[in-house]
Amino acid sequence: MAVVQFTIVPLGTKTTSLSAYVAQVHQALEDSGVKHTLTPMGTVLEGPLDELLAVIRQVHELPFQAGPSRVMTLINIDDRRDKTGTMEQKLQSVRDKLPK
Amino acid sequence: MAVVQFTIVPLGTKTTSLSAYVAQVHQALEDSGVKHTLTPMGTVLEGPLDELLAVIRQVHELPFQAGPSRVMTLINIDDRRDKTGTMEQKLQSVRDKLPK
Amino acid sequence: MAVVQFTIVPLGTKTTSLSAYVAQVHQALEDSGVKHTLTPMGTVLEGPLDELLAVIRQVHELPFQAGPSRVMTLINIDDRRDKTGTMEQKLQSVRDKLPK
Amino acid sequence: MAVVQFTIVPLGTKTTSLSAYVAQVHQALEDSGVKHTLTPMGTVLEGPLDELLAVIRQVHELPFQAGPSRVMTLINIDDRRDKTGTMEQKLQSVRDKLPK
């Protein structure tokens, strides 16, 4: 079980807005069944590492199909094997340590 | 106005859990008055870039005070000047493009 | 053809030094035949994207075998399809634009 | 003493090539006197952390002056205080652990 953030950045696009590309990726994630959360700076996935990397590899293709011929994709893998790390558990662990 | 994500990773800690360090950083952000959101893989800030970088520089010191003598800090700056980019506006731009 | 940087960061390692883990990864890359360069902050690979991701997935396992039960791996993919991007070509493009 | 990598990515640049922007940044680093190395995926600096962050903040402005109105800048800080970490020392530590 891993938690993985990724950010797909198409380069050489005509406009500065990238939200159409992000929406396309998000739609593909909805169809994939993989647990995902959109944040202001990327998308966070949770699940078996190989499954998550396969999904990221797939959605990395999407901007190319829409026009751009250069895509930068940032991935940050948090792979913990001494306990089940989930997105919610990670957030809860921090909240538990904040003053009430 | 910029949106900046950062992740502080203390190295050479005795345990694999890092949530105590994250909680300490989060507490400092609460005190700072800077707009911030905790995500499963980092913290996202919003505001004038110089202010955000100053805050990150400050909280980068916190783990050192708690023991670890090596800290890796990842920063991702999204600085947009043709329109006011906020965390909420970025998320909304994507949502607006998803099928209803 | 893609250029991909990755950094493997074992967490909870007791000591701050990570060079033994990096050396183990580097040795595996030597055996893999994939083109690679060690930099002070990570390793840069060059080749077909799927091949590079498969190699990174493999070496991401190595620290777990050596003890740590949590590993963070950062990946930055630069995938360009309008021309053949190589490590050397990227560096040369910059050098060509510097004043002589 | 810290080792810091950064990558400046102008967005919405019309062309996929970014080397002109990187060359401009590189030229500014030459003028700054800060120790720096160009890698295929970014630039690595070495020195007192505050000095390095100030330089990165400065060069982050450069692409805006050349046209683009959105710039993403990635920063990875490796700040070690139990020993003097330099770029060369980090590479040498790995090399020392490779089989001869």
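Order of writing sets the labels: A, B, C and D. Residues in every chain begin at 1.
Note that a residue touches a chain if its C-beta (ideal position, glycine included) is under 8 Å from a C-beta of that chain, and two chains touch if they have at least 3 such contacts.
Chain identities (UniProt): A, B, C, D = Thiamine-binding protein domain-containing protein.
Not measured: the values here are computed from a predicted model.
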Could you find the chain whose CA centre sits the greatest distance from that of subunit D? A
Shared interface numbering between subunit D and subunit C [over half = same, under half = different]: same
Nearest whole angstrom, what separates the Cα centre of subunit B from the Cα centre of subunit D? 20
So the centre of each chain is just the mean of its C-alpha atoms; given that, what is the distance between subunit C and subunit D in Å? 17
Roughly how many whole angstrom separate the Cα centroids of subunit B and subunit C? 25
Of all the residues in subunit B, which ones touch at least 2 other chains? 16-17, 69-70, 72, 74, 76, 78, 80, 82
Any idea which subunit C residues touch subunit D in the complex? 3, 5, 7, 16-17, 19-20, 22-23, 26-27, 37-42, 44, 46, 74, 76, 78, 80, 82, 87-88, 90-91, 93-94, 96-99
Listed in rising order, the residues of subunit B that touch subunit D in the complex are 49-50, 53, 57, 60, 64, 69-82
Taking the complex as given, what residues does subunit A use to touch subunit D? 9, 11-18, 68-70, 72, 74
